[in-house]
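Shared between the two complexes below is chain A, which pairs with chain B and chain C, respectively.
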Partner chain A sequence: MTLLGDVARWFADPAHYQGSDAVQTRLLEHAAVSGLAVLTGLLVALPIGLYLGHTGRFGFIAVNVANIGRAIPSLAAIALAIPIAGTLLGVQNGLGFWPTFLALIPLAIPPILTNAYVAVRGVDRDVIEAGRGMGLGEAAVLRVIELPLALPLILAGIRTAAVNVVATATLGALVAFGGLGRYIVDGLALQEYDRLFAGALLVALLAIAVEVAFGTFERAAVSPGIRVQQGAL
Partner chain B sequence: MTSTRGATLEFRDVSKRYGGQLAVDQLSFKVPAGRICILVGPSGSGKTTSLKMVNRLIEPTAGSILIDGRDVLREEPTALRRRIGYVIQQVGLFPHQTIAENVGTVPRLLGWPKARIAARTEQLLALVGLEPSRFAGRYPAQLSGGERQRVGVARALAAEPPVMLMDEPFGAVDPIVRDRLQNEFLRIQRDQGTTVLFVTHDIDEAIKLGDRVAVMRGGKLVQYAPPGELLAHPVNAFVAEFVGSDRGLKRLALLTVGGMDLDTNVARAAVSPNAPILSPASTLREALIRMLASEAQVGVVLDGQRYLGLLTLSKIGKMIRSDA
Partner chain C sequence: MRCGPEGVPQLKRAIRLAIPFIVAALVASACGGAGTGGTKPAITIGSTNFSEQLVLGELYSQILETNGYAVTRKFNLGAREIVFPALQSGQIDLEADYLATLLAFVDKTATGSTDPKLTFSTLQKALTSRAVTVLDYAPAVDQNGFVVTKATADKLKLAKLSDLAPVGNQLVLGGPAECPNREFCALGLKSKYGITFKDFKALDTGGPLTVQALVGGQIDVGLLFTSDATIAVRGFVLLEDDKQLQLSDNVAPVVRNDYLTKAGDDFKKLINSIAPKLTTAELTGMNKLVEVDKQDPKDVAKAWLKKVGLIK
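This part shows the complex of A and B:
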């Protein structure tokens, strides 16, 4: 009970909305590194997943890459990213934003790649054959048929990636990055549990916001014809 | 409605080999413009493979396929396919597109202006018996199997193709709907004048719809003939068995009372009042059933009010014997 009250008081304190440790600053840092990591993962994984799904070849690559990506512990990935970022981008970049960003990318890729592959692969072969038979070229088959029909699963993959990344970006605080993890790590170190809980709550809220945003986007982007098919309309 | 003129379609020594297996073996036949040719045969006879070689979903190993004298192998496949209507059993409508969008697929690929696509879509939906204002905005999942199949036909006809390929298009609907779809298909085909290559394993469908029937077995063409000819003179035991032991009866369904030699020696007044009244347009099969059901065993043939003569069982028997 007292902890809840402390957390509420923490949020009510205007001092927590000022300076470099302000809630809005940390929130923005967290969202920025997460957003950029997901976007980068998307740019890498989506074209590969769509291509593999369309051709139906090298499916094992999609699945294995996904499994490797999932098997690496996030903390280890961040630790590994320190020397990598240092080497690639200069020693001054070996801590903070860059290792966090680099470590989050392999976390974003697997669900996007696997879902894109499985989704495109799973499109009804008869529909594709009908499309080809009517004179759609390969690019048109992907654009006009496979992509819209695979969209719900593809979006689900991106959403999973985004939620994972938002949750894991918390670890960035361990390598001197800001973000909401700052509150958790500092709260733990200083035994300020109100701060720790406030940080945890903010991360959870951000993750939920991502879920809700994707759900809204999916309803707008997915054809009602597919929802009719799934019996949701 | 402007009717499209169908193209001639010719297979010339067409073969398809998969490894050591010949799926289609030196297939040759011609379909005249605007006619329906049915490819029929048991599974594995090569009929679907033959059909898909026309729009090059499958490439022939040897031979040529000519549409209006032009070899399809010399054309760019996507351009070729846009000029050939294609209907498959599972229909393959795009579930994420409305009915109107589905029907407009090929016109969109061909870059027609929007207004022309909209007008054509409306015209086609009406043609296949789907009220445009009710159906245009719906999605395939909201339609029955028969309605979806009609949309499939409308979509295939959208860009007025001179040739249409149909792969067991009515195989997945129930018999009553199938019968209605077949009748509508015949009406539309006559109206549009499209040349049709149609695959089925159902000999009754082949006889009902075909102007020509190509019976295939093991990749080879066994017999190519109009349905009446196929029923009257099967070339071998395989065809005879395939068309069925009741081929005589099936044939009666293709012949009309008007084409028969009638008995004109009996005055109408002398005929039993139980005798059924037949019109020259009714089929011999229908006439036979009504004659057998009545005690008279003869039928009175009237063209409107005009008495043409009597149809007797022995006349029907004589017709069957003369051909068999």
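This part shows the complex of A and C:
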């Protein structure tokens, strides 16, 4: 119980809201790198997933290749990203934001790609045939039929990616990035367990907030007709 | 560090291991017991787990072996938290340590001094109850050092830490996460030198992240250890601790009283013969050979002992 008291005092201490190690600064850094990594993952994975799902070609290979991203330990990915970022972007970018960002992208891709592929593949063939019968082109089939019907699953994939990335961005602290992981890594080094716990709590809260935000967005974005259908299932 | 077998075929290895004993036998017969103590009890030498410690362990091992002692090496045991208890309990008889850090370790309330002589005597007092003796300390120190790149040093005309006071507020300090809370790091820099940095970046303890951040310009001043070979290799400028913030962390061997009584003065003389020759520059040179040039600590130690004339 004393730890919880210490954590509460930690959050109450105004010193923790000042300077480069302030809670709001770390939160912003964490959210920024996570958001950009998910966005980049989305830009890469979503078009590929949609295309493969629509054509039904190479899907198996693509999904399996993307899943390698899941198999690489994030810790190794982040360590490997140091020389990669250093080589690609110059030595001044070899630490901090860039390696963290680069290491998080392969983590964001698999759930988005897999879900998009499976979702589009899973759209009822009869509906698509009906659309074609009404004279819709390939692009229109994707836009008018497949995308709306696949949306719940696609959004679920993005949500999984976002939650994974937010939780893993913690590791950025190991490569001199800021973010909430700073509190965990520094708390461990200093044996200040209130700081460590506060950091862990903030990461968990941020991940939950992302989860809830996506849930709300999903309910708003998905067509009511599909929602009823899902409810029936 | 590498500590596995070196891939020498069994037989060759056996011969190599036997050489010290053969030499010892020859020396013993030649001298005919002319040595002071007469007895040369077998000794176990331990070390912690970084390359400088392996080099130091080899130095003490080889000077003893050359003079007829049977040495068992128990290197790479782990941190001081493991090695020092092993010394007390008799699993090892000797290890190389650092005056001020060891003092802080054995006596949490004692404060080391920037004067090595004083630290040495305080340490010996603290060690007496633990039946351990510290032998002569070397001029070599391994302590916190603050370094800047050559470019930064030239631009801001930095040579010593007090030069940082007027410009500190434009510079970012990088080092281990605990630095802002430590007297020998940011706290002391502020209180003793009046240096306040623009920001602090938590990296690692004198490791590759700090080096990379210095090179990449994410930090301007980095904390590395003074005997770190990287300083020379990267051409960093080690700022002189002109107001003596750092405690005297001189290298010194510590030995169990039990063993010291058994072995006597001859042993003490041999071990103490290393100290006067071992300067920070010499130690850093050996560290470089091991860390950067990937040489075997054994060979590096042997070459050095030969160079300074302690073995033939």
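In the analysis below, the second predicted complex is superposed on the first by the 231 of 233 C-alpha atoms of A that agree within 3 Å, B and C clash if a C-alpha of one lies under 4 Å from a C-alpha of the other, contacts with A are read in each partner's own complex, and residues count from 1 in each chain.
Please note the rule applied: contacts are C-beta pairs under 8 Å (C-beta built on N, C-alpha and C of every residue); 3 or more make two chains touch, one makes a residue touch a chain.
Only a predicted model underlies this, so the values are computations on that prediction, with no experimental measurement involved.
Looking at the shared chain after the overlay, A:71 reaches neither chain B nor chain C. The partner that reaches more residues of chain A, of the two candidates chain B and chain C, is B. With both structures placed on the common chain, the touch criterion links A:15 to neither chain B nor chain C.
Looking at the shared chain after the overlay, A:148 reaches chain B, while chain C stays out of its contact range. Residue contacts after overlaying the shared chain place A:225 against chain B, while chain C stays out of touching range.
Using the contact criterion defined above for the overlaid structures, shared-chain residue A:137 touches chain B, although it does not reach chain C. Touch criterion met: A:92 reaches chain C, while chain B stays clear of it. In the superposition on chain A, contact of A:129 is made with chain B only, not with chain C. By the document's definition of touching, of the two partners only chain C reaches A:176; chain B does not. Across the superposed pair, chain B and chain C touch chain A at no common residue.
Only residues 19-20, 82, 86, 91-96, 173, 175-176, 182, 185-186, 189-190 of chain A touch chain C when the two sit together in their complex. Taken together, the chain B residues at the contact with chain A in this complex read 55, 57, 77-82, 86, 88, 90-98, 105-106, 109, 139-142, 155-156, 165. Within the complex formed with chain A, the residues of chain C that make contact are 174, 176-178, 181, 199-203, 209, 212-213, 215-218.
Residues of chain A that touch chain B in their complex: 124, 126-137, 140, 144-145, 148-149, 222-226, 228-229.
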